[in-house]
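Take a look at the following structure, please.
Just so it is clear, A, B, C, D, E and F label the chains in written order, and each chain counts residues from 1 on its own.
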Amino acid sequence: MRQPLSEADAARIARHKPAVGMASPRFSGVASFMRLPLIDPASAPGAIDIALLGIPFDGATTNRPGARLGPRGVREASTGTRLFNPVTGIAPYEIAACADVGDVPVNPIDAAETCRRIEAFVAPLRAAGIVPLSVGGDHLVTYPILRALGRDRPLGLIHIDAHSDTDDSQYDGTRLTHGTPFRRAVEDGVLDPRRCVQIGIRGSLDAADERDWALAQGMRVIPMEEVLVRGLPEVVAEARTLVGEAPAYLSFDIDALDPAYAPGTGTPEWGGFSSREALFLVRALRGLDLVGADVVEVAPPLDITGVTALAGATLAFEILCLLAEGVARRREAADPTP
Amino acid sequence: MRQPLSEADAARIARHKPAVGMASPRFSGVASFMRLPLIDPASAPGAIDIALLGIPFDGATTNRPGARLGPRGVREASTGTRLFNPVTGIAPYEIAACADVGDVPVNPIDAAETCRRIEAFVAPLRAAGIVPLSVGGDHLVTYPILRALGRDRPLGLIHIDAHSDTDDSQYDGTRLTHGTPFRRAVEDGVLDPRRCVQIGIRGSLDAADERDWALAQGMRVIPMEEVLVRGLPEVVAEARTLVGEAPAYLSFDIDALDPAYAPGTGTPEWGGFSSREALFLVRALRGLDLVGADVVEVAPPLDITGVTALAGATLAFEILCLLAEGVARRREAADPTP
Amino acid sequence: MRQPLSEADAARIARHKPAVGMASPRFSGVASFMRLPLIDPASAPGAIDIALLGIPFDGATTNRPGARLGPRGVREASTGTRLFNPVTGIAPYEIAACADVGDVPVNPIDAAETCRRIEAFVAPLRAAGIVPLSVGGDHLVTYPILRALGRDRPLGLIHIDAHSDTDDSQYDGTRLTHGTPFRRAVEDGVLDPRRCVQIGIRGSLDAADERDWALAQGMRVIPMEEVLVRGLPEVVAEARTLVGEAPAYLSFDIDALDPAYAPGTGTPEWGGFSSREALFLVRALRGLDLVGADVVEVAPPLDITGVTALAGATLAFEILCLLAEGVARRREAADPTP
Amino acid sequence: MRQPLSEADAARIARHKPAVGMASPRFSGVASFMRLPLIDPASAPGAIDIALLGIPFDGATTNRPGARLGPRGVREASTGTRLFNPVTGIAPYEIAACADVGDVPVNPIDAAETCRRIEAFVAPLRAAGIVPLSVGGDHLVTYPILRALGRDRPLGLIHIDAHSDTDDSQYDGTRLTHGTPFRRAVEDGVLDPRRCVQIGIRGSLDAADERDWALAQGMRVIPMEEVLVRGLPEVVAEARTLVGEAPAYLSFDIDALDPAYAPGTGTPEWGGFSSREALFLVRALRGLDLVGADVVEVAPPLDITGVTALAGATLAFEILCLLAEGVARRREAADPTP
Amino acid sequence: MRQPLSEADAARIARHKPAVGMASPRFSGVASFMRLPLIDPASAPGAIDIALLGIPFDGATTNRPGARLGPRGVREASTGTRLFNPVTGIAPYEIAACADVGDVPVNPIDAAETCRRIEAFVAPLRAAGIVPLSVGGDHLVTYPILRALGRDRPLGLIHIDAHSDTDDSQYDGTRLTHGTPFRRAVEDGVLDPRRCVQIGIRGSLDAADERDWALAQGMRVIPMEEVLVRGLPEVVAEARTLVGEAPAYLSFDIDALDPAYAPGTGTPEWGGFSSREALFLVRALRGLDLVGADVVEVAPPLDITGVTALAGATLAFEILCLLAEGVARRREAADPTP
Amino acid sequence: MRQPLSEADAARIARHKPAVGMASPRFSGVASFMRLPLIDPASAPGAIDIALLGIPFDGATTNRPGARLGPRGVREASTGTRLFNPVTGIAPYEIAACADVGDVPVNPIDAAETCRRIEAFVAPLRAAGIVPLSVGGDHLVTYPILRALGRDRPLGLIHIDAHSDTDDSQYDGTRLTHGTPFRRAVEDGVLDPRRCVQIGIRGSLDAADERDWALAQGMRVIPMEEVLVRGLPEVVAEARTLVGEAPAYLSFDIDALDPAYAPGTGTPEWGGFSSREALFLVRALRGLDLVGADVVEVAPPLDITGVTALAGATLAFEILCLLAEGVARRREAADPTP
């Protein structure tokens, strides 16, 4: 059970509540993530616990583009999320001060430069003890985030995706693409491959190298077919065991979902997760020591019906609940008497 | 087994058949519900058993609008339904005279006045022994329908929805919104809360009041998570027991479906029912004493692919089968020898 | 020629610049109007000259809804506008401090209450000498704005629209609809009908009352056919003469445009203005004493291609240039030596 | 000036009025053409003057299909038209009894059989003195209509289109396609080629045969480029002279419009008419002795924004005004004293 | 385990590889099926084992059209498929020479003539020992394919569909429609009805004749409800037993899928298969002696989100894997020592 | 008047005809540009005069992406173009051998590398005397094309666009963006700035640098406002004079068109050219010595209605006519007696 908040924390947290639909309609006002206040963390040190940020970059996409518009699309859809989660019982805005800290200032034409800027944006958040929840953007954006968060010690990883994204390079040697982030991160020592689990991998392949490399590093790759045979509960249990209690990161590529649930993404693969499975998966990660998370590859121009942005926003809210609980857990551990 | 029809009934029913696709294509002709004849029941007393009507009102919507175009959209999609249901074996147009009786003349800007008009439209149907199957419109429209049908004795309710719609008020005291119909109906005594069952409730919440009030009245609220744990058969069995054999109403909010199956609605919630689950649910209500039903919250402007209108039309057909069987059952009970 | 700014004004204006696309991409960051800073004018007295605000209300719409999502849609599209206007030479952010002040907290179900809230939102802006540029919402929203701005002396009006919006009531006596705002405003004495000009009126009619009443009040109604015969330059010249040098308001209903240019609106009428004609029209109003303006009836759910939101955003930018110049003109008149 | 109606005509006409938007919203009720009553002319002899009918056939389309859904789409959009035309001053429902008579029962797979059915549907209308205004369907449908209407004496023709539709055959001898109706009609002697005018022809060609044949018959083909050089007024004047005072037919292929105004058609051609030009064109035909008319090739599945159906509905209303005036003119000529 | 290829086969197969995404992006180049080379089999005898062909005909559609654009849509989506199937382990382009052989030159207006052309296109493929994988087009196209392939001995059939397509005729005697192909094929003796299995049949019906006839011939019809009760594994096992080891054909109508997974088809039926079930179904057919297959009824104009074309392309790839393995099996059986 | 072709040329040209719609439907077959044969010019030296190629690269886009899918989209739409141009009388496939030579193998993530590949693709075409007509892709692709074509002597330029694309750099020094190609080309000496004309420039600006630099080089920039004042004929006459008789290039950015005509592009600007103006503009360039041309910035994911791809295809056909005539002119000049 949650411990009572200190007065200072209570006041601080109270200053960072979303606008509420019962007072002003959900479709009103500027669309920030979850209708949260917009904060520049540099000018408000100590104010927030969790930063929601956008990374509007899709310049590393090898297939259909559009994910650069993902942060805008997810922000818009996220204004439909509300204050607490009746399934898990978590009320994130009661236990953690959250804010929309804006977008990383990407260079849409330069993947390497953008990686530097992402890392430079996230590193101070980490230094300030703020947990980042990022919305992409294509999957390359996870690489510099991991560099910022895993600098001190390699992180574990829960990676939910249709694709392993552990290619070495594409197009004759291009090493920074949305198909390579986890290989780069392992090479840089910011991910501990033996604590990395990929869930939901599927689709036809051009070469086995991607998967073979991952396996050779000791990463655990759980294809969709294995999920179907063993069932999600067993798969998640294994993933939790592998990742363990040390700090870990959660990366959710929206194309892990079936195209019926997420048509608006650059590289859809048939036969993916349903909404209910995805909710189960995320909620089942409760209690892991997540130091950051992202939702990537929502591509609004390909999302005519809006269901993909809705998926991204709902998953972001569910993940936010996990992160908020982690904030509370760490706060209580540090200071057992309020 | 069905008893043979009296000659008069047979002739009457034969006059109210849908146009058949084998003769004229389904895409031809004015789009009435199910390609049924258009009838003004006032000018044809005794002619029909079941009235399909539209209620093109979304002026009580607190989120994205568009459900006022629902009756048009569902009519269009319903022209694809056919004459009998091979799963249940019900041939509704063989056992009940059905017609499209047009739309309630709503005032799109005045929710209270529209409620009065809906009640004034449905009350004479009930007085004439005609069972109404309404297509909304936002969910507020169910409130005046319940007033018209439950005037004499409070009704039971099967309510399939993502939201409880038992708020007290919104925006500083507005009491007629699409989030309040069932609270109003219980307050007015036209619903018996202990015979009300809500199935599929889910999504984040701003406040627990809505749910707490419903529970306090004795309503049975079955969240989606409970459905997933116990399974639909058990849930429906409980619902049937609670509603019992007394007259009841069936209200199907299209947002009970997952956004993959029904993107075109104002307040979609991730993690809802699939088409096959919804078909199971409705068919499992066979034999209840339904005195009316509705399908609400189909919003065609948000339904670019048309699957939501298709969902609404298919559900309306399945519900029509239940209502037709009820008509036949009551006819046979009243007059056991044809 | 513009006079140099006082140091204080220069500093103040410099604090309110839009984010620039050369530095951060236009698709990045939270979408405020024109990428301007978000300001609460109450907490920053004296800070700004022009307030861009949203009024997300379409509860007075008698046709297809969706304009409640207009502010969000126009904000998104407006992030593509830039810093200066090479045709008129106006650089609005150099001569006036502009900000996005958020949305009026509407009640989507209550037109009368929403009118009160709009008036209560705009009146303090006017009291603080801030010029409002509003984005609707349906056309009813103009009525309370006019009440707030015309309280002291009736205003002139340039009204660009397909419809006169001078109905008395609709649906048996409903007097606050998007078809009645200018009648209500004249009745309230906040518009001077002899200084009101409607341009572009067209389409079939149910009754002549709307137009006859307007003419009887002395309003000038210029149907599209007259525009075509006389040409826009002559029509605008007449409009300028009629409105004169006294304070006036500009209301641009997006359905003044042809559906090819603005399909995303509730009541499109064939045969409207092109983009180039609309640009000409707005630019030709330069020098009028505009005390406020609005762009209304952009309905994003009906705007699949996005061109209607683009139209709204471009028109808002052009109008902003006029308003900014007016601010500068008034500032210089008040204080001829900086 | 119109003569007063006889009492009988006045009563008859009064029984055939559209539902009015001021009373019930335009989006309510079953979508008949113009919200007119649905009448079976066979069962109501003498009741109506003008029949609006749908011909949902696109089985003769050589390009993208979808026009079979045209009648539904145009009916839906036509519910936005109103009672009188302020430009021409015509109030069609005051001078002619109009009704929606439903759709021709086409066979979507058999063009020859469908032609027979269309002719069999229209011939009795003509025999009853009812003027048909048809909504297609692809352009082949005009051929059997012309057979029904021109049986006694060849008709003149105003044909507004991007394509001449005077091919001999396609695909190795198929003679009934949407590219051949006017050749077939001339061959059958139901069109008088010297009184046929085609306006707006444009686009690249595979062969000159189509055009050469038309010219050889004495048809007047006015390509778009000639329209641009000479101007619409002069072109229409020539067309009126050629067609003369004898009975004529008006056929408007929606692809005469530019794709910006009518994207939803099977064979769009760049560089077509604008909405205002099309309105001018149709209105300029006032006074011709039109014995029937059609609007064809609206293809709703290709009309995502709905502007093409809006174009079709607006043109149908404008043409209806011409036809209604013709009815009144003929009535007055036959019986000069009411 | 596969036997090694002869040198000639290896060289031949190596000449028919798809373009690979790692070298040139998937969105580049002309869209052939699977990015395969375009080959005219008549001019390259002996070159290929499997022909992918399009049949762009929807002239036998009794509902919404658009399937004539199916081959283009599926080709486009198929450029996203890759080289091998990690689930089944099949690398089709390593064991069979595949090519895109273009489209059958249909006559869109003449179903009978088109049937002749399809048969004339497929017969030489069969004569040359090439296995056809066809992409429709409406379901009628299967009939002439079966005539070409089943001429010598009646084939077995796995037919995955929402509809039995065993009508006798429609619209007063039209016998070649997309609702009749399997009845025609049985009548012609090219299908052995006792080896025909239909899986997934569902939806309301106008008449029982269609199903009764199929059952009377000895066809096995497995409605969706039976699938749900017994489970797919058991159903597929029964189907395999019935079809046996003799030559069989696989026909996959995309409307077998639920509209959430395949909205873009002419006659969608609620309650269909999910993507994962469809993948299971196709993969479970491994080892049957398939002499041809098709995927039909993908209608791109109705497929705004593109998920239906993606479904069609993914299924085509999975089926191609089965066919390629069959080619290899037959090659090895014919010549056991390479 | 055209001279007769040599026998060799006639035979060669006859081998490169598009598939014709009268024989096989336009929607059938693999979609190559204009339904032309697919040719690898390296393996068929001397075969063709004009190469249509795709450049599916949008990695230099600073705004909304999607133009990488432009070649696919324009190919698809181009299958609707036919054999000759009745306005100009040009039958391109009678006077020049044309082919679709496929796409440049771009690297979507590396603008510099892609520029090298484009230049390496086009240079051999030029060396072989083949005129390239390229379809982009974003506007950066024009830069390497100009490098390949202007290597020997600087070219003149007709540049039709909303934007000058003469920025120096964006985002802190990125010099290869779709806003810089013409500055780079002038710097490299492959464009002669005094023979460069930009037509249709418009929209708000962030800085005057782009335009000032162009003017300082001696480029002629004709903003849309100047076009409106002077008229297109006068503007084109000036442009022809400036470009003169020396070799020149034509670059058509689809955003030169108004968003009503071309919504599907990354940076739409209100107030652009209509279809008829664009046709006039292109046709008025007849007789210039064009050594290459392109159509760029068609972005299919943003082109829901397809009108932008149609615009691109129609313009490509009109430009092809100009290029074909140039081929014939040069052939005749080189060898005056056939």
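Methods note: contacts are C-beta pairs under 8 Å (C-beta built on N, C-alpha and C of every residue); 3 or more make two chains touch, one makes a residue touch a chain.
Remember, it's a predicted structure, so these values are computed and weren't measured experimentally.
Both chain B and chain D are touched by C, E.
The angle of the rotation superposing chain C on chain F, based on CA atoms and rounded to the nearest 5, is 120 degrees.
The pairing of chain D with chain F is characterised as different-residue: of all residue numbers used at this interface, under half are used by both copies. Think of it this way: of E-F, C-F or D-F, only one pair shares over half of the B-D contact pairs by residue number, and it is E-F.
When each chain is reduced to the average of its Cα atoms, C sits farthest from chain E.
Inter-chain centre distance (chain A to chain D, centres taken as mean C-alpha positions): 57 Å. If you average the Cα atoms of chain A and of chain E, the two centres end up 40 Å apart. Centre-to-centre separation between chain B and chain C, using Cα means, comes to 42 Å. In chain C, the residues that reach two or more other chains under the touch definition are 23, 25, 27, 62, 64, 68-69, 108, 170-172, 258, 260, 302, 304-305.
Here, these are the chain pairs in contact: A-B, A-C, A-E, A-F, B-C, B-D, B-E, C-D, C-F, D-E, D-F, E-F.
Interface residues of chain A, counted against chain F in their complex, comprise 58-62, 64-66, 68-69, 107-111, 113, 170-172, 174, 176-177, 301-302, 304. Those residues of chain B lying in contact with chain E across their complex are 20-23, 25-27, 80-87, 258, 260-261, 274-276, 279, 304-307, 310-311, 314, 317. Against chain B, the residues of chain D that register as touching in their complex are 23-25, 27-32, 38, 54, 56, 68-69, 71-72, 75-76, 100, 102-106, 108, 304.
Those residues of chain A that touch chain E in the shared complex are 62-64, 170-172, 202-208, 211, 223-225, 228, 258-260, 263-264, 267-268, 270-272, 302, 304-305.
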